[in-house]
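Which chain is which? They are A, B, C and D, in the order written, and residues in each are numbered from 1.
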Amino acid sequence: MVQLGANRYGKAEVRVVHVDRGAAVDGGDVITDRNVSSSLSGDVAGCYLTGDNTNVLATDTQKNTVYAFSKKLGHVEPERLGLALAEHFVATQGPITRARVAIEQYGWTRIEAQPNSFHRSGDYVRTTTVIHDETAGISVVSGLRDLTVLNTTNSEFHGFPRDEYTTLAETKDRMLATSVEASWRYRSVDVDWADAFAEAKAALLSTFAETYSYSLQQTLYAIGTRIIESIPDICEVRLAMPNKHHFLVDLDPFGLTNDSEVYYAADRPYGLIEGTVLADDAGPEGLAWN
Amino acid sequence: MVQLGANRYGKAEVRVVHVDRGAAVDGGDVITDRNVSSSLSGDVAGCYLTGDNTNVLATDTQKNTVYAFSKKLGHVEPERLGLALAEHFVATQGPITRARVAIEQYGWTRIEAQPNSFHRSGDYVRTTTVIHDETAGISVVSGLRDLTVLNTTNSEFHGFPRDEYTTLAETKDRMLATSVEASWRYRSVDVDWADAFAEAKAALLSTFAETYSYSLQQTLYAIGTRIIESIPDICEVRLAMPNKHHFLVDLDPFGLTNDSEVYYAADRPYGLIEGTVLADDAGPEGLAWN
Amino acid sequence: MVQLGANRYGKAEVRVVHVDRGAAVDGGDVITDRNVSSSLSGDVAGCYLTGDNTNVLATDTQKNTVYAFSKKLGHVEPERLGLALAEHFVATQGPITRARVAIEQYGWTRIEAQPNSFHRSGDYVRTTTVIHDETAGISVVSGLRDLTVLNTTNSEFHGFPRDEYTTLAETKDRMLATSVEASWRYRSVDVDWADAFAEAKAALLSTFAETYSYSLQQTLYAIGTRIIESIPDICEVRLAMPNKHHFLVDLDPFGLTNDSEVYYAADRPYGLIEGTVLADDAGPEGLAWN
Amino acid sequence: MVQLGANRYGKAEVRVVHVDRGAAVDGGDVITDRNVSSSLSGDVAGCYLTGDNTNVLATDTQKNTVYAFSKKLGHVEPERLGLALAEHFVATQGPITRARVAIEQYGWTRIEAQPNSFHRSGDYVRTTTVIHDETAGISVVSGLRDLTVLNTTNSEFHGFPRDEYTTLAETKDRMLATSVEASWRYRSVDVDWADAFAEAKAALLSTFAETYSYSLQQTLYAIGTRIIESIPDICEVRLAMPNKHHFLVDLDPFGLTNDSEVYYAADRPYGLIEGTVLADDAGPEGLAWN
């Protein structure tokens, strides 16, 4: 005999763009470009077992709700939209006891001196995931992904164990590059979301640059530590950092010397470092990372 | 003050192709095309805190180990390669207490009547993830992804609640399509991996086809149930099934009738159904899904 | 002063799926899954110069036309849909003197014994491009892309020149793999499209397998030759074949011998061979490749 | 009988990163991140016909040459690297009569106040293609791709013809967004490449913003015109501009008014406008666009 285990359903990737006309300080427009995914859980076993949709708010309705709330809330921070949507689903749908709203936000920059014109800024994608659970409460995890950073020096790698499959040479100077995916858990929902994001991103960038690194793990830990120490509202940081290897090209066969000048950027395989940094007084994570 | 939380590091996406020459029944070659990712955990905090790599088996060494084991084991099922690699890392590296090996395997088909020639079969990607933990033991989760299936009929969707944001019409006949990502947990490591995979895939396809569906959730549950009932070695199935919406095109403005003939395939947004089916006597999942 | 040069505009990537219910020999359904892109040229300079849309059939209308013709024509070969659409645009829009219709068609396979159920077959994408020009006439170029093939042996590469930047060793045995993009030009529009496609694909696969290769160029030429010789309706073949390098892994450091067994599949860079094979009596290409 | 037609072969996507240490005005590093593809043509028929590689400079050698020239030339503009490489291949390989070098260049920005640290700037990719032909001479076509721009207003679309398949409503105000792919042909190789690129990009952005648009075609032509008028070294501009549709969401069913605030960003299908703007005195294009 079998039973239904953990489950959720929803509408993924609702691409909604909001224009707040004339809302900029100089009278220009403000645009907000988001990709919103919602998923719901609760008393919906009937749907799985017999196709009874009585308790299943349609994913199409979830999509409509994203549009309606985008209109109502305007150009707020993504965390506020996520909180409002998640609260709405749980509050208005009796059988729904948990809502998860994940938002990606894409950057746009005003074209110089133009009130209505923008170009996309592709340096990173801002993210947030709100979980609202009737029992476990509300959590907010925000972050960013696809922020690619590179240090041309100040990175070593040596002292690692050598077994029968080890061929890697030790190095006292290498290029270090990674594409950061960072998520940080907030202690509460009473946060200045814009400030917290800006400070976390700044801490991430400056720490990556300032850390003399003996391993990418060390850099990861330094970044997580700095974010927690800089933003009291954050109690936990999770980082996934692929080591985007840049290998020195051997120019000797061509009678040339490579004084740490010419590298090739490898695609695969790549190192992948994943780690968590926690404040000592971080509360329980609950469902935050679900 | 902060502390290090959960972490792992490894080499991702080692693309290794193995040829077993003349190993086919008819004397042709057998090729095995894999993408192997390993990650290790254990007593490696020193690396994060101070850049001390004493206990850190280099990701480059992990890559080499994948190559060496591919030679030693040949064209075994991916589960066996994963089990051997994970066991090796934990057994030979004192500080490493847990290894995770995730493998994707790509299909190739012999070109007719040719012993050495193949074309890629892109219908799905076979997957497996082995976790070997000194304390929690060994787990194997296998499955597939990117298996896209479609029913032209036998799907309804109605009876769902209507709130102020609901505009969706009920339907007694729709096209149902999804791209299945399925993972199943085995009860042990003493399994005929090839048979189990073949049977699980067959169960998935036939159940998708045979289920008269009142919701994609119902189809998901039916698939999970059938897999567990068909393969005694499997105790849990997790499925993620995006609803790849196909909408009937309104041909009325052109004086044409659309008798469920012409659909447009939408990209985004899409419904996303995620669910778990468990055998009643499934053992604890432990770290299997980490 | 400036002037308008070559231009075209249209609707790209109309994803249309057609179901012909009960049309299979055994009473099952037949589905046709296409991605249709149309583009038009003609007396449309006013639109570019002053925004005068008088002669500009809206791209939205082009999309609707694709849907309507998909209904009217049903599950014909893609060449026939392309021909009908291209003819329609030129015939009905006075200012439009040229139409280009490009179609990608995706494969689906019936799930065994199921009349209404299918799984996607991802081995390759079938393509066709029809150009209908009031002056230059009608051309059809068909083909396929993303057909990945591999020979485990019967490939050498040596005898190439060595300059100051050459480090590559000669080889008498290597693995040869490529992802074929092939396009063939038909002599007329009076062709059995299904047969021609099937024969061209079969010729491609068997020639790739049967050619003992001293360079990927040689394999390319052999494929093009065979297609032209096998299908009298085809007068020209263009092929783009990336050399998907598979390098032997050096296992010596691990005390293992690699008897052409273990390879790693590289991503970038890759060789890229592009070539044309023409029948001696091929007519002028006209606009076929535009 | 068949014959060999147009052909070329080479190494694609050599990912090379160059560091010029301390070369910035403030003593920081300068990095140059490129993806270089070369392809050669000439007296290489023997390779296609019989696998005779005597005249075939190996693609591996081409890759090495890219690395060596990256070292020798340092952080020059991509056009200079392309010119040097293309000239080299034709000048040193007797049988090679034509070389094509295509370069993509990715942007990096110094992390504030850090001499050795960078983050990737993903707003667009800079491109250049150099063709060096023994007979036809040398051409340079440069440009960019993936520059996504958006106007929140100042765009109308009406006055288009209405046939039996037309359902689109006319509009006096819409959002206009596109992802620009632009290529411009230079009159000579004696150009200040950095200045020309900067001015062309600036002209593109400002013209997109300043053009009150009755069709995307009009915007395209205005951009091409402005680039040619602004940079005397440029004689031709080719643009491909997908119409990234943003549709107003109908909020009426929810009792809300959508005052041009909430849009959904559609993926497919999309309009695609492709056009050329030429200076009246542009010289013959020769092989520039091959």
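Just so we're on the same page, a residue touches a chain if its C-beta (ideal position, glycine included) is under 8 Å from a C-beta of that chain, and two chains touch if they have at least 3 such contacts.
What you see is a predicted model, and the numbers here were worked out from it, not measured in a lab.
Peer 1: Where are there more C-beta contacts: B-D or A-D?
Peer 2: Counting C-beta pairs in contact, A-D comes out ahead.
Peer 1: Compared with chain A, which chain's mean CA position is the farthest off?
Peer 2: C
Peer 1: Using the average of all C-alpha atoms in each chain as its centre, how far is it in Å between chain A and chain B?
Peer 2: For chain A versus chain B, the centre distance works out to 24 Å.
Peer 1: Report, in whole Å, the distance between the mean C-alpha point of chain A and the mean C-alpha point of chain D.
Peer 2: 30
Peer 1: What whole-number Å value describes the gap between the mean CA coordinates of chain B and chain D?
Peer 2: Inter-chain centre distance comes to 38 Å.
Peer 1: Please set out, as single numbers or ranges, the residues of chain B touching at least two other chains.
Peer 2: Those would be 14-15, 64, 68, 165, 167, 253-254, 267-268.
Peer 1: Once you draw an edge for every pair of touching chains, what topology comes out, line, ring, star, complete or other?
Peer 2: complete
Peer 1: Which bits of chain D are touching chain A when the two form their complex?
Peer 2: 14-21, 29, 31, 33, 64, 67-68, 70-72, 74, 108, 111-112, 114, 116-123, 146-154, 175, 205-206, 208-210, 246, 249, 251, 253-254, 256, 258, 260-267
Peer 1: Under the definition above, what is the set of chain B residues touching chain D in their complex?
Peer 2: Touch list, chain B to chain D: 164-165, 167, 253-255, 267-268.
Peer 1: For chain D, which residues are in contact with chain C within the complex?
Peer 2: For chain D paired with chain C, touching residues are 1-15, 37, 39, 44, 47-61, 63-65, 68, 92-93, 157-163, 165-168, 213-218, 220-221, 224-225, 228-229, 236, 238, 242-243, 268-280.
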